[in-house]
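Look at the two complexes coming up: chain A is in both, with chain B in one and chain C in the other.
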Partner chain A sequence: MASMGIFFALAGAACAALMAGIGSAIGVGKAGQAAAGVVTEDPAKFSKVLILQLLPGTQGIYGLLIAFITLTQIGIMGGDANLSAVKGLLYFAACMPMAFVGLISAIQQANAAVSAIALVSKKPDQFGKSMIFPAMVETYAILALLVSILSIFGIAGLAV
Partner chain B sequence: MAKDSYIYAVARIRSHELQLLNAAFMEQLLAAPDEAGCLRLLSEHGWGTPDMSAEQMLDGETEKTWELIRELVGDLSVFHVFLYENDYHNLKAAIKEACTGGRHPGIYVENSVFPACMLEEAVESRSFGDLPEHMREPAERAMDTLLSTRDGQLCDCIIDRAALCAIRKAGAETGSELLALYGELTAAIGDIKTAVRALRTGKSLEFLRTSLAPCATLDEARLSEAAESMEALVAYLDTTIYADAVPELEKSPAAFECWCDNYLIRRIRPQLSNSFGIDPLAAYILARRMEIRSVRIILTGKRNDMAESLIRGRVRETYV
Partner chain C sequence: MSVLPMKRIVICALRKDRKQVLELLQRQGVLEIRSSLSDDEVFSRQDKSRMAATFRKSAEACEQALTVLDEHAPEESGLLSMLDGRKPLSTAEYEERLRTADEAVRTAKEINSLQKRCSDVRAEIPRTESQLVAIRPWIGYDLPLDFSGTKAAAVFAGTLPGELTQEQIEAALAEYAPGLDDMEVNLISAAPEQTCLCVICGRKHEAELRDALRRMNFAKPPVASENPEQALRDLESRMAELQAEAGELAEQIRGFAGKRDALRFASDYYTMRADKYDVISGLVQSRLTVIIEGYAEARCAESLERALTSRYELVFETQEPAEEEEVPVALRNGGFAAPVESVVESYSLPGRHEFDPSVLVSVFYYFLFGLMLSDAGYGIIMTIGCAYALLKKKSMEPAMKKTMKMFLYCGISTTFWGFMFGSFFGDAVNVIASTFFGRPDVRLPALWFEQIDDPMKMLVFCFVVGIIHMFVGLGAKAWGYLRSGQPLDAVYDVLFWYLLVGGSIGYLLTLPMMSQMLGVKTLSASVGTVAGTAALIGLAGIILTGGRESGSWFKRILKGLYAAYGITGWLSDILSYSRLLALGLATGVIAQVFNKMGSMVAEGAGIIGAVIFIVIFLIGHVLNLAINALGAYVHTNRLEYVEFFGKFYDGGGRAFEPFAQNTKYFKIKEEI
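Let's look at the complex of A and B:
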């Protein structure tokens, strides 16, 4: 049963990287389609729509960060990889906020980015404002990132 | 097709919407001294070249719209709801040509689902089985009616009813709310126009019952009974969602048609802020159709020296 600890922790890290990564891939893909549509009609808007396309990509980076920190903490990247099953489950739980919020927020941010790209295609001078709408969704990804980071660092000190 | 499949197409349409004619441009056209002045303004806006005739310019713009949609969507089947009107027009033309004998160039319209020559051949050889399924029965019935009664109006009514049924069905089958609305409105408005025409020409209740297409927003039985007098028709329409159209209907058929187009434009306008799905593309097609219609009205008015106020009253609202 003790060996299950490392399995649970690793599963949590994998979920964070996987789900947030999937969300970002879907999001960047969606925004990319809209960006390509705008650039087809007006290549001069490339730089503006590129920034908007990249916004849903951050969740994937956050997921990677959580996975990396977890792997470091549980000793997979070097050190003692012995974990109790309870501690492994705690790491698993700590990774979940980033996994789920990463997946959903990336897709929702992409929807906002697609609409923002449409706004830029019609009113390029409103680029600054158009960035704010998808950026608002980022708040929740950052909150999930914070909760996951604080939890992962907090678990290390627990005697379970 | 999934909603996300149209993201690229909608983004391109957003750029094309910038080229749509707005109310200010329509005012400029109305203020132009004559047709040549209007054509000059339109060519400056990117509509054809100044040496083009009005018809060439308008046909060119219609073709440009469909070329763009073809490029964006590839498979146009989802937009058959807009094209069936032309197919049924061609079917009507083919039946009349076959019954009267001889060839009449220029009676067929382009941008249809089925090639006009295919309809022409099938009707001429009376091979109705070669026609699309939804055209077979009405085509045969319309031809038999025309041959036996020589009543062109009755023949038109059979085909028009079939067209309305096909448009409504095609709209509902797309799964798009906007296309379903278009199909429903086309059928309902077609029924109201038929009822008014029947009332003015003194057609029988039986004629109306066979001419009205089924639709969800009107009760065909009540509409055909109400078409006995204008008062009864108005009283019935007042109980439907078309109550706002009643004053226009009482004014003139042209005013009623204008109300219908404006109502549709108002219903599709929310698509300007929708970035997903087929609906913004459908709205663009309708917006282009309406602006071409408005330009045609202005050009015809200018050509015939109509008063500006009269033309203005018939110009449709703009999408942008």
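Let's look at the complex of A and C:
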């Protein structure tokens, strides 16, 4: 059981990267389809819809960030990789907010982004506002990221 | 620094000067034309929309021709050419070019008709191609495909689905038409999708054979009256002709590449004329005079008056707009705040009685953007890039210039915060020193502290920034009330909230649990008493005054309680500023990921390692900069729009849209 610590921690890191990444992939894909549709009609809107398409992409980056911090903390990226099973589970739990919120918020953000793209295609001057709707969804991914980061940094100091 | 004061302008000009006056106004671009007068027996409007539509059509033809030219003879352009503004033309040059406009439209029509022919021909090519594909399997059949037989013999030429052999076909025919003894099956070609064949039989068995073939899903061949080989030759030569024709048409279109400039001018010219006629449709005119009404910035009114009265015989009247009029809004700010005017504008322009928040927005905009991107390397790239573009491209359009300046200031702020947090392309200094020079002790020291080492400290800092940002917003609300002479409202809606929120925060900090969690010093109990009292006064004030517009006290208190519930909004607003930490960390950590990837490959691999490191470094950091700059931009806007504007700003103003040259390629300058 003692050697299971590193496994749990790695599983957590992998989940964060996996699920947030999947969410962003789905999200950016969805928004990309809508964006491409707009560009067929009006190529001049490319830069605007591209920005909107990219908005659901940040969750994947946050997932990567959590995974990376976890990997450095548990010593997989060089260093001592000895971890108690409890600590490993703690890391696993710490990664969960990012994993789940990342997955779902990216998809929901994509829905908002698709509508925002439709908005920009009809009213290009409303770009500033259209950007805010998807960004609202992202708040929750950011909060999850924060909880994950603070937990991971906190776990390092625990004596378990 | 504010919303520009507007004047109402009424010009009464002679009708014979109408064209010149309007053209002058269009070139000046300072007057928004809005007619409020209605028609009467002397003054009436003329509908010129037909003329406007004709001009628009000409302009569209030119635009279309330009697109065609771009397709056939693309113009070479530098990387920075998109930053180029419209080309300036002097009035003399403009007059000079006027003569070319009509011819340019003719050229445009010619180009468009050539393009239409070209696309017809191009559409014909795949059609011919598919005919060729259909005829090829029939090569070797030496009768015309629609040949149905002689007096004595019936001939069936056609296809059967699937790949069949002679034996299979004969066996199938024998099964479906057992009595047929005088038939001959000629297999012409067989491919997996179809088998081409020709069956001959005596006339007397024709019906029987037809029936049998039908049951085998026999289909007629593509109709061609000549024999297949002849048809193939014809189609091939047609194909060659078509291709040659398409090439020749494209060549002809390319020959017009030199006309681009004239086409652009004509497009602009006709757009301007169409705009002018749209304006004329809205003006009231009598037999000899025309009245032009509108709004202009107060500071432009005088020079406009001078320009007009010195040249034409007309009456120019400047009035103060009436209180209830919906005056258009234009913003004007100094060099530091002007760049964020577009940010304010894309939210909403200040409504009536509101002040221009650009200055407040600008300070926080640069501050927050820098805090989110927070990398000195990226900041320097942004600063240098924008500065270079600004210096290099003097002709940039004002809007573009503002955007560039905005990112220039954001870049400076990013650089500042990058050094504060010791981030230069992430931990590039340390990684390069330890990988290539064996000096892991060399690192860029943070001027303040490293975010990644002490995220809790950073989080607290973010909340402090957030509270300041929103308190400034609240202060702006008080300022708005004071400006419009409602000091009591400022007390009710602002002072009480200051007391409640400020007091609550102060009180929370006296609790050891809270201050330990945030890692700050616990405040003494006496501070707690003061803060708690302040918060209670604020709370009581809000409950009593939050619903002050209601008559009955019962309703009023209920509404007041609901207003006090808004404290939860403050909690979530403050938490929202944690994105400053999250995005700042994201930049730093992802930069570190790329540095680490590079150094892992490069470790001990000598020169090749260094090259690979540079490649990974470049790609990685460009990617990181792009994604995080986007993130910083979006979330700075969000903090300004939602958290900051939410406290005091409604907007709803109508943008000032002067009658001007809304052109794409040229702008005509005129000195007055």
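Here is the rule we go by: the second predicted complex is superposed on the first by the 160 of 160 C-alpha atoms of A that agree within 3 Å, B and C clash if a C-alpha of one lies under 4 Å from a C-alpha of the other, contacts with A are read in each partner's own complex, and residues count from 1 in each chain.
As a convention for this text, a residue touches a chain if its C-beta (ideal position, glycine included) is under 8 Å from a C-beta of that chain, and two chains touch if they have at least 3 such contacts.
Everything numeric in this text was worked out from a predicted model, so none of it was measured.
Colleague: Given the alignment on chain A, is it a clash or a fit between chain B and chain C?
Modeller: fit
Colleague: On chain A, which partner touches more residues: chain B or chain C?
Modeller: Partner with more touched residues of chain A: C.
Colleague: Going by the contact rule set out at the top, does A:Ile51 touch chain B (first), chain C (second), both, or neither?
Modeller: second
Colleague: I'd like to know which partner A:Ile132 touches here: chain B for first, chain C for second, both or neither.
Modeller: It touches chain C, and chain B stays clear.
Colleague: Taking the C-alpha centre of chain A as the vertex, compute the angle to the C-alpha centres of chain B and chain C, in steps of 10 degrees.
Modeller: Between chain B and chain C, as viewed from chain A: 50 degrees.
Colleague: For A:Val86, decide between first (touching chain B), second (touching chain C), both and neither.
Modeller: In the superposition, A:Val86 touches no partner, neither chain B nor chain C.
Colleague: What is the contact status of A:Ile76 with respect to chain B (first) and chain C (second): first, second, both, or neither?
Modeller: In the superposition, A:Ile76 touches no partner, neither chain B nor chain C.
Colleague: Which holds for A:Ala11: it touches chain B only (first), chain C only (second), both, or neither?
Modeller: neither
Colleague: For the combined overlay, can you note the least CA distance between chain B and chain C, rounded to whole Å?
Modeller: 8
Colleague: Where on chain A do chain B and chain C both make contact?
Modeller: none
Colleague: Which residues, counting only chain B, touch chain A once they are in their complex?
Modeller: So the residues of chain B touching chain A come out as 4, 7-12, 14-18, 273, 275-276.
Colleague: Residue numbers of chain C touching chain A in their complex, please.
Modeller: Residues 343, 345-347, 455-456, 459, 575-576, 578-579, 581-583, 585-586, 589-590, 592-593, 596, 627, 630-631, 634-635, 637-638, 641-642 of chain C touch chain A in their complex.
Colleague: Note which residues of chain A are touching chain B in the complex, please.
Modeller: So the residues of chain A in touch with chain B come to 30, 33-38, 40-42, 111, 114-115, 117-118, 121-122.
Colleague: With touch defined as at the start, can you tell me which chain A residues reach chain C in the complex?
Modeller: Interface residues on chain A, with respect to chain C: 51, 54-55, 57-58, 61-62, 64-65, 68-69, 77, 125-129, 131-132, 135-136, 138-139, 142-143, 145-146, 149-150, 153.
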